[in-house]
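In what follows, a single structure is set out as structure tokens and then discussed.
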Amino acid sequence: MKYVIIGNGTSAVGAIEGIRSMDQKGEIILISKENCISYSKPQLYQMLDSDDLDKISYRDEEFYVKNNVSKILGRSLKSVDFNKKVLFLEKESIHYDKLLIATGAKANIPDLKGFSGEIYSFTNIAEANNLRKSLDNKNQIVILGGGLIGAKLSEYLVKMGKEVTLIVSSKGVLSSLGDEKISDILNKEILENGIKLLLSRKVVSAKKKDSKIEITLDDEKIMCDAIVSCKGVKPEISPFEKTELSIGRGIKVDDHMKTNIDDVYAAGDVAEIFNPLENKYLNIPILPNAFNGGYCAGINMSGGESKIDTIYPMNSLKIFDIQMITMGMLNPEKNDEVLTLLDSEKKIYKKLVIREGKLIGAALLGDVDRAGILNNIIRSNLDVESIKEDLLNNKINFYVLPRNVREDIIKSYTGEIK
Amino acid sequence: MSKIIPEFIVKKNEDKCINCKVCVRQCSEEVYKYFEDFDLIRIYDDKCVGCHRCDLMCPTDALTITKNNSQYKENSHWDNYTIKSIKKQAETGGMILTGSGNDKPYTSYWDRILLDASQVTNPAIDPIREPMELRTYLGKKSDKLSIKEENGEIFLETELSPQLKIETPIMFSAMSYGSISLNTCESLASAASKLGTFYNTGEGGLHKKLYKYGKNTIGQVASGRFGVHTDYLNACAAIEIKIGQGAKPGIGGHLPGEKVTVEISQTRMMPPGTDAISPAPHHDIYSIEDLKQLIALIKEATDYEKPVLVKIAAVHNSAAIASGIARAGADVIVIDGFRGGTGAAPSVIRDNTGIPIEVALAVIDQRLRDESIRNDVSIVAAGGIRSSADAVKAIALGADAVYIGTAALVAMGCTLCQKCYKGKCNWGLTTQDPVLTRRLNPAIGSQNLVNLVNSWSLEIKEIIGSMGINAIEALRGNRYRLRGIGLSDVESDILGIEHAGM
Amino acid sequence: MKRRVMCNEDFCIGCRLCEVHCNVKHSKSGDIILAYKYEEEREPSRMAFEEKDYVCGSIVCMNCKDPLCVKACSMGAIEIKEGTVAIDDERCVGCWMCVMVCPFGAIKRGDKKAFKCDHCHDMETPVCVLNCPNKALVYEVD
Amino acid sequence: MNKLCREKDISGCSIFGLINTDGEKVSGRVITDAISVMHDRSNGLGGGFSGYGIYPEYPDEYAFHLFFDSIKAKEETEDLMNKNFLIEYDEKIRTDNSVNLPNKPLLWRYFLKNRNILTKEGEREETFRVVMDINNNIDGAYVISSGKNMGVFKGVGFPEDISKFYRLEEYSGYTWTAHGRFPTNTPGWWGGAHPFGLLDWTIVHNGEISSYDANRRYLEMYGYRCNLVTDTEVITYLFDYLVRKNNLSLPLASKVISSPMWEDIDRMDKKERELLKALRITYGGALLTGPFSVILGFENGIMGLGDRLKLRPFIVGKNENTVYMSSEECAIRKISPELDSVYRPRGGEFTIAMLDECYE
């Protein structure tokens, strides 16, 4: 059996582990555009003040040796013939028996009217290196986009002594989470830490002016040395756009991570998985999903049977002093019940979204301890009607759950109770 | 303001205290209180009952509980206990309650009896090398077996009366679910089943969780008739009619309503939260012939398959009473001496009523022999049996087996603070508080009981082996192997033993 | 091999001595009084002791069959070593993804790094189990 | 509490028994030769014999041997006997007074016939009561043997001296048992010597009963009074109680006295298990513990029995029509150098030799 994995990110690693848990012998070939070992995307920030890739390596060199993986690095896929099961690189072609597409995502870079200079982005090692090298003589930085990457990058840059302006088109940072309160708290935190935060603004145009860049917003003009775009990512589907592969925003897969083509799987940021909760395909580019998707695909590719859990967004994030963990749907619909607890002084905020007696989303700011218990309640679709007040008002506590539920949880994760 | 001097002083060694607050969490009497704002553990000595839960749990041994040296002026007639009792009664207007057994310094005859051992003429037997038999059968014995021999084959024609087989002559005495926790009951039940002996339900009925131990259960029928029904009678291996209890002869039982939880109310078949009151007498037994009828009734209800025990407190004319009980058809007579324990009793009764088990046992055994009816019943001695030596002495005086209650509780953690009646037992034994009952893990409780009884059994084997005896029946009533020390002629005579040196 | 410390909540008496002994075990001196009274820095206990009404119990890492923390770790710093889920201190960056997914709440947040029960890997039985006065904690090794 | 009981006999001993299963009689000299070999097992403080078939001239009368401390005791005894018995014949027991023995009591024998017409069992029960009555109630009178066509000869001295004193070579019987005594705590007294006899039961016994008081108090419930300060008395009464009063066969009685261990009983098949369990439960007070081996003599045989652990020596030998039982083999070899078979019974195992037949 010959497995080919395109990409070398988290889901590729997951897939290797998944395949090797079933099949120790089959040949695994890994093709990646990037000429380095797998690294941790969420930790990319660390590359702003260092070029030591080891600091953020996700799996070391030995991992590939141990799992007997042949790497073809620094080469990109040109095209593919799914009928003949052949991949075409620049110079060579590779046959596959089972294929995993784990090409990940790439940065969204907006077209700035009138601007021909470089717009930096920050979604992979090359971009990070490029940004680092360029930062030396640049002091005023404008960051476009108040999402996760934008907010976090602002923090890093301001800590490096840069003058940072964060331009957000919505009313607050991380507005995609769907919770204004969180955005408010974070807006405040960001402002307090010396970042110039411009909310509900649109960039109209930009132009080079001397060594500087002048950005025109809808109501003012600001000067800067560099623009970094953090307007999110989009699935890297370019080599497959004209194939018979079913693609929406990303490559559509079922709950076995299978695409519409036999023996072709996709996982990670490039894939979109059907979500029964929302009744649509969802592309949720976060690390646990990438690993799990890859692992699941790996097992299915090597003859096993694995079904991916219902996926939903979740994140652990720290902006300056605010630690937060969010999970599931925080943007309630009409009949959903929302419970919140706020202690502005202690910077503690808790939010639970309940739909038909089940927890579907939760946010914890400040005290995030034991968040996994809530996460499991969402994942396992547990009834919280009788315990929701406890969950909200007290520290999250495993013993809030009824005994039989606790025992079921223990059994399902760790085996029979003697 | 209470004018009663605290009994104990609690000392905390600050050099050792790591402020882990185990003491605060463990003391149900609320001797310790933690004040977060001051980061301070306050100690209230007056609440301490001297149960030693705190100092035994303290991971750095930072606590010591000592007797309060500050006491009322010494007076051998008006001792501190007496003064405190008076003050307490002056403050409350009630009877003084107490728990466990009589602790007053009356003579212990066990401590005045010495055992014999073999030398030269009769080899002592080494229990490690030779079989040493402790198995005992309790129940009425036939006077004579009818055996037929036909064509060289032997047929036993007599049908034996129902017998209780015990692998060691030690059983656990009656403690009701209610007076003790379910975990404690389960510890006793499971230990009894592992040991091949019996525990006793007391008057608490049989919790559904414990039916599986029925083979090793003696079910009690007492004056309150709590939890008595056909299934109960038939689930148990034997039935004990409780007439009296050594700690409180002539006194009934009283389980306060707050201890009557839902589980207990279901087990006892009574409304939850109401006081469970056992009358002083059985109101259908005002005389020996009434007892005979109840024995007959129980036998009828259990298809004559189960032995019936009758338990009485050791009182002045026990011998005549025992003879009556034997003739009323009981299979086993249980005599409970005045050192026997209780969950709650007025201390004036506990400390002043009844007679020592040693004396009662000796006269009852002799009386039944004098009437040639000793084989009609087995005798179980109870009430303050503290050690294997006490058990051996009891058997040599004439008992078939002994019951242990207090010793069993001590094995499970009891420190004899005597506050059982408060229902706040820090060791999780005599309480129904769900925070406290969990303190006894039946796996540990039952193992401790098994260990205790096994070690006593080993000691009994060693003792009888040293006497050159290798079966317990050869010890039973073998008073020749006992000698008294410091006994008057009257005492020797009553005990039926010679003085040491004779 | 799989190790698991289970708490039988029926018999957890809420003394929290498991925490105390866990602290001592993971202190510099290993001595209870030195650890508590003289050592300057002390890691918080690796036990998660919880109470709810009459129920209490102590939870440590259950060593899941298929640990979610291993999959969620953004640094690949968690792996199963000799039956125990182990966090590589060198590599942990404190992103708390593991805290986010652990269904038992058994991973704790330290100053900068996550930490959890190590099942006292240098001992036959973890100290919490050894010192549980009511044997509510049970150590299972498969 | 009887004071004497408290000072019960403790002794080491030699025992010997023989039976000619064809009923041929041998002289008392034979057994004297045998027992004297084991001289070292006794210390001169007690010796005795019992012979069966020695009074062919009075086969149907109860032959009573008595020790009297005084003439008064003799008169009281005879008054008592006369109530229930006709004294067919009585005489002073012939003795060789050249043998120097201490504290000789007055020795007398009677041949008694019941005055009332009774069944065999009734006769025996009446005789038993008279024996108990004399022993309990007449100061200075002790019934030494009370069976038919048999007698016990015993006293303080080495067995060979006792034999000479009683002129045993003049008696011949088909069964003989003998005893040499080594008491350790009481000066030997004549009544304490073995064999101990009741009706036609005689017991010679080597050992000490550690269950003594349990057995004694058990027997006392059934009318036995233990006044003669020996374990042997208790053993004799136990056999009497079990065999005569409870109709147990000798093998079953020995299963009571030296009961198998519970662990062995548990392993037996159901029928046997239930029987032995019932025996042990019912007659638990008759279990003997402590070291012993005994030879029980009775009308038509002898039985050897040892304690459950075999703490005292015992050996059985057979030559043609004679079965020997002894503490030591040398005693048997002395009178019968050639033996057809030699057998060492295990702990608690009984051996019975009877007239006409012999079985183990």
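Which chain is which? They are A, B, C and D, in the order written, and residues in each are numbered from 1.
By definition in this document, contacts are C-beta pairs under 8 Å (C-beta built on N, C-alpha and C of every residue); 3 or more make two chains touch, one makes a residue touch a chain.
The structure presented is a predicted model; accordingly, all values stated were derived computationally and were not measured.
**Q** Go through A-C and B-C and name the pair with more C-beta contacts between its chains.
**A** A-C
**Q** Taking all protein C-alpha atoms shown, work out their mean, then name the chain whose own C-alpha mean is nearest to it.
**A** The most central chain, going by mean C-alpha position, is B.
**Q** Can you give the whole-Å distance between the Cα centres of chain A and chain C?
**A** One centre to the other, that is 29 Å.
**Q** Could you work out how far the Cα centre of chain A sits from that of chain D, in whole Å?
**A** 104
**Q** Which whole number of Å gives the spacing of the CA centres of chain B and chain C?
**A** The separation of the two C-alpha centroids amounts to 43 Å.
**Q** Determine the centre-to-centre distance between chain A and chain B, using the mean Cα coordinates as centres, and give it in whole Å.
**A** Measuring from centre to centre gives 69 Å for this pair.
**Q** Which residues does chain C have that touch at least 2 chains other than itself?
**A** none
**Q** Touching pairs of chains, which are they?
**A** A-C, B-C, B-D
**Q** List the residues on chain B that touch chain D in their complex, please.
**A** On the chain B side, the touching residues are 118, 120-123, 125, 130-131, 133, 135, 137, 141-142, 144-145, 147, 149, 154, 156, 158, 160, 163, 369, 372, 374-375, 467-471, 473-481, 493, 496, 498, 502.
**Q** For chain D, which residues are in contact with chain B within the complex?
**A** Within the complex, chain D contacts chain B at residues 1, 5-6, 8, 10-12, 184, 207-208, 210-218, 220-222, 245-249, 252, 259, 261-263, 274-275, 278-285, 287-291, 308-309, 311.
**Q** Any idea which chain C residues touch chain A in the complex?
**A** The contact residues of chain C facing chain A are 2, 4, 6, 9, 48, 50-52, 55-57, 59, 62-66, 68, 71-72, 74-76, 93, 95-105, 107-109, 138, 140, 142.
**Q** Enumerate the contact residues on chain C facing chain B in the complex.
**A** 8, 10-17, 19-21, 32-33, 36-37, 54, 131, 133-136
**Q** Hey, which residues of chain A end up touching chain C in the complex?
**A** 13-14, 40-43, 46, 56-59, 287-288, 291-292, 295, 314-316, 318, 323, 325, 327, 368-373, 375-376, 379, 390, 396-400, 403, 409-410, 413-415, 417-418
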